[in-house]
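Both of the next two complexes hold chain A, though its partner changes from chain B to chain C.
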Partner chain A sequence: MTGSLSDTLLATMEQRRGAIAPWLGELQGQAQELFRREGLPSRRIEAWRYSDLARALREDRVADATPVSAPELPGAALAAFVNGALDDKASSYGKVGAVNLRTALGEKNSPLASIIGKVYPQAGHPIVNLNTALLEEGLALRVPAGKKLDLPLHLRFLWTGAASDGRHLRLLIELEEGAEATIYETHDGAPSFATIVTEFSLAKGSRLTHIRQESLAAGARQAAVTLGEIAEQATYHAFYFTQGAHFARHEALIKLAGEGAHAELDGATMVADSRHADNTTVMEHAAPNATSNQVFRAVLAGSARGVYQGCVKVAQAAQKTDARQLSRALLLSHKAEIVTKPELEIFADDVKCSHGATAGELDANALFFLRARGIPEAQARALLIEAFFGEALDKIDNEVLRESVSLSVHNWLSTHAGEASHVE
Partner chain B sequence: MLEIKDLHVNVFGKEILKGLNLKVPPGEVHAIMGPNGAGKSTTSYTLAGRAGYEVTKGEIDFFGEDVTGLAPEERAARGIFLAFQYPLEIPGVSTMNFLKTAMNSQAKIRGEKELNAAEFLRAVRAAAKELNISEDMLKRPLNVGFSGGEKKRNETLQMALLKPKLAILDEMDSGLDIDALKLVAEGVNKLRSPDRSFLVITHYQRLLDYIVPDVIHILAGGKIVMSGDKSLAVQLEQNGYDAVIAKAA
Partner chain C sequence: MSEEAAALQELTEQKYKYGFVSDIESEFAPKGLNEDVIRFISAKKNEPEWMLDYRLSAYKRWLTMEEPTWAKLHYPKIDFQDAFYYSAPKSKTDGPHTLEDVDPEMLRIYEKLGIPLHEQEVLAGVEQRRVAVDAVFDSVSVVTTFKEELSKVGVIFCPISEAVHAHPELVKKYLGSVVPDTDNFYATLNAAVFSEGSFVYIPPGVRCPMELSTYFRINAANSGQFERTLIIADAGAYVSYLEGCTAPQRDENQLHAAVVELVVLDDAEIKYSTVQNWFPGDENGKGGIYNFVTKRADCRGKNSKVSWTQVETGSAITWKYPSCILRGENSVGEFYSIAIANNYQQADTGTKMIHLGKNTSSRIISKGISAGKAQNTYRGLVSINARADGARNFTQCDSLLIGDQCGAHTVPYIQSKNPKAILEHEATTSKISDDQLFYCLSRGIPTEEAVSLIVNGFCREVLQQLPMEFAVEAQKLVGLSLEGSVG
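Here is the complex of A and B:
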């Protein structure tokens, strides 16, 4: 246990229990007990071996300049979280039918109350527990059967410094049969410690597009968990962009619960300096004929560290599973590091599962070819790195969102593409 | 225009070029022929400025300026163009985007105005038509899935658009059948002009039937051992490198 910090968190949990909704007190109490026993995750736990949260929270943080908020997207419904508080005046999330979590959870029999704490087996997950016990704010979206939301829902998280010592937010998303929605998250600034847990449930034939654009400042410490269940013929398409931070981890724990369910995960990690970015996924195939495809790409400069842990579980009943995962890393510096850990647990016998990992430098031949045509080195490097992410970006259907993510890629490259610790 | 003086080049610490001398006046086509290991590829990479090709002695004068210390992109902007033996496939970068970036980068280095979108499109379409390159090829990622002939035609297209003063053709005939070779040579011949010189690097005489040189040089052991007109190629074809080089020595 991390002594004083854990004590402070426990005291806060005591105050928060039942605050958001009295009936939730019991669940929060259980979570608090678990936290009291287990504490903050550290390298002693295998799943946290490469991302030691307890240690990161003890370390000093670098001071960051005032963050720039992500712009309001034209034609999106906005949920503006400032220092973890939902700013209703600045928001327009009502346009897509989203509601404040407090309202959504008001009564134990409210429709969305049935989801919280229920999506995917999450008992014992240290971040989910901590988040549940400290829960104070969030948003809920329920899309009725057959409805296709025209507007994306933009969840804008901005941490502005002094007041941002940490918040614990929960998002609940439920898509009924055949419904469609697009969630776009932006993360800016430097929370001293924030957790964000998203639970989504996709009913038969529904489709959720989930784009996370994490542009946190260098001093930020954030642990996010996305928990999802996908019913038959439903699709989850995710694009996770991160620039890392002092500590930035996103876990996607996904269960393909119905026949023919599909999950498509693209990761784009761009880290420099001494930043840390962790993408951890657990893809559980619980039903037959489900498919999952994960490609996590990372570009690492400076002495940055990237982590990709990808676990695929195939239950005995999940025959004809097709599960693929791939980790590809480009190292721009000899001090940068990528940790890739694939895990397969397969109990069915008629399945296709593949995993692969590559790590290397930019192709020296390609670089020379571009330069020999007159393209300066930094620009040639940027061109090759943009191409590396191009395939994943092309899969984002919404043009405004694709442009927005491309801009983040581009901005990162304009600062870091020229960085190389050695000459060919 | 191009004058190489006593050029010595090390690759991975081993001396490959050992005192190369060569003069190419404007508008002329010179061929460098030589056996395997003579230093042909080293010559082309060194001229283009590839890292790892270390000039230990000598000069490469291009219009009176020694370019040995210049980066590849700076040499390109001054008008040196290397057509690659094996053009690179670059997934994720469309041919169009690549051409535009290259043309504008060179213009920028030279302090010239960059082309706007309409001017660029017009230039590309005209050049592509001349070389039988389809719109579809231009939209595809650079050289990905192109046949050997298509790749070489794409190189010729780049040459046509970048308008170099010196084009180095490194084993242009590698991987081409005779029909593809004719097509590529035809494209190159269209680009011949009084203010553009060519350095054609090849192992075989075959290419020189289609791109006819003014002067042929024989490279062996890291230096030019013999120069002559195009009849030299025929001698090589009949007697082989060993005999011709032995006679020269």
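Here is the complex of A and C:
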């Protein structure tokens, strides 16, 4: 069914193999072979059951008339990707020591050889394979031991006009012992098909804050994967915001590899119209005494569909694990749908693992309370939804970033909170 | 090894007490599976043409199907040609039996299993409660008790092979209407080769005067058991049905693929309880029953209710998801489960609650216990249709791990298309807490008893749902299956 598209992709892979750097050819060849076997992920694969990429790529896209504006983060180091290409002139990523991936890969004895494709090896991951085989552009950041970056690194992905080909980007982030960094990603516009793979590796005691703000246009099709390995006493704190798109999926595949490692994931999904948003996480506890906490919240309006699949794996060695996971969904319409699949896979006995999931509508009593105090319905609903996300927003330390994400939440609410279930 | 560990080990290593083999002369269908074997089974049951057609069409479909592999279960590929699909104890008389016709040897077996086949006998209990029993031995029903008394109130309780002849209109109407013969690999196989099971029909407005029970025993070597149970509760009816099962201890694995269909009409209720105690394999993982079961209830009427309660201690492999289709307005589905896996047992079990009607509600309480080198998975689906306004679900899945060689997994699917529905799901995994154990020990309770006490406490919400006679047995079973495993 996707024969023609897969064939085109395979032909492109053939051309790009080893093109950026000959030493990369072997890795790309393997990825290409795996892609040849598996093809584009479709609902026949369990992990893609609710997000059928092969189908989405066959469907017609909604045309987007809204002009795209580029979000600015004052004072940040900027990596500006326009239609999948890194615009060096508009960028200032050098301020934090980041380098153009294309250039760095091409260097003799490239320092990136030790990290690319090495983090959380996912040989079978269809998007990672596709991305590796078609890799074009990207950015690499290495923060030396003990260094704490004062400036956040803003990765700005902007899609203007009709970029008709697929674009495949790679980000490599390496924090050495005790280093600290903040990454702020923004996604705007409508890529016809983009894959973005981020690999991060956190050495002992380091700390990465990762804010992802996905405000793609309705016609966008994007599959992103974040692969991470966290060493002892290191911390990964993430906030993933998404508004969905024609196809929007973000996967976080994280391995707590060292004792006392910690991962804190907050998700805020706000989807309306006929958009689709998928958050998929795999939290692998491989070492003792590691902790993880995930809270994914979603509000769904129109005929939108939200998916949350979260798997917590605890290996036999990972005694004293404390893993928590919570998924909460608010449905604002009779046509919206939420699918939740929280999975636990546990092989160690001395652990505390829990997950919870809820779905429902806004609390009628709370709404009544506000209405009784003269607050109009739409405003009251917006207030309640804002409060629903408030806890996660409060955890963002950087004030400027918190404001920026809050604004996205606010903007969405001003258009969609009124879409009430009272209009049935 | 600490005292606790030793006590636990002792507890877990209790031998399976129903593992004896009885020497009953049996007749078999030729080994393997083909159309002739299906015709043989059908002929043995003296079935009408339509029943044979049903089987053959299912068989043709089965040949085109693939074994499901999505469960967290690992076992060598099953050779479906290497088993007997029909095995029946030889008897002197044909057709329905009365107690007098039953081979005394057979009665002794059931006595040994603790199943009362004499109508005057009652199970131990405070009240003098009576239980009607349908005893199924390999592929045939040996005897059904209290039939006459039940028929006075219009309740039909008989082996399904008998119902095919005596009540073809009911069988035709309902058989395969909940679990179609196209449903899944094992259900289709069952539709082709099923040999025995119980048929229950409760007429409108009747509250069944006693508990009904079917006791399944696999006896013959190299044979599979393919039971088929169909229970219909007509408008306003109520029945409590119990199912028990055991098998001899053998080195080879035996296949059990059952289908259970429940039909619940307006205001009716079915309470279905199972204590599954098949031979789970020995402590080295040798032998045991492979159990692939499809159980489903269809709440067709308004205010209908189904309650599944299961205590799973036996089977080397368990693949079983008793489900409820909540079609009628205000219908209620419940699932209470204790699944215990010890040694090399693997269990992948759970439920599906499909909410289609308005104000339907469901409740899932699942307690999984893993010990030894066992793997225990809860797999469940809660689905809320766009029209199911006011639907409500509560799910709680708790897992207890005993020892560091076992695994406990939870795979729930939760889907909602309705803002007026409320869903809550929670799951936890932990071990027996040192604090609880210490509390008991410091009060002079021996480790073994303390563990049993804590485990029983962990399971109590489910145990409470069982009919009393079963609850006593189940409580002992929980203790026995786990004795010696905390450390």
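In this text, the second predicted complex is superposed on the first by the 412 of 424 C-alpha atoms of A that agree within 3 Å, B and C clash if a C-alpha of one lies under 4 Å from a C-alpha of the other, contacts with A are read in each partner's own complex, and residues count from 1 in each chain.
The working rule: contacts are C-beta pairs under 8 Å (C-beta built on N, C-alpha and C of every residue); 3 or more make two chains touch, one makes a residue touch a chain.
Model, not experiment: these values are computed from the prediction.
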item: Which of chain B and chain C A:Gly360 touches, first, second, both or neither; value: second
item: First, second, both or neither for A:Thr8, with chain B first and chain C second; value: neither
item: Touched partner set for A:Glu377, first chain B, second chain C, both or neither; value: first
item: Which of chain B and chain C A:Asp349 touches, first, second, both or neither; value: second
item: Comparing the two partners chain B and chain C, which touches a greater set of residues in chain A; value: C
item: Contacts of A:Ala336 with chain B and chain C, given as first, second, both or neither; value: second
item: Complex contact set, residues of chain B against chain A; value: 48-52, 71-73, 75-77, 81-82, 84, 87-88, 90-93, 98, 101-103, 105-106, 109, 141, 158, 162
item: Touching residues (chain side chain C, partner chain A) in the complex; value: 70, 384, 386, 399, 401-431
item: Sites on chain A touched by chain C in the complex; value: 46, 316, 319, 329-361, 421
item: Sites on chain A touched by chain B in the complex; value: 363-366, 368-377, 379-380, 383-384, 386-391, 423-424
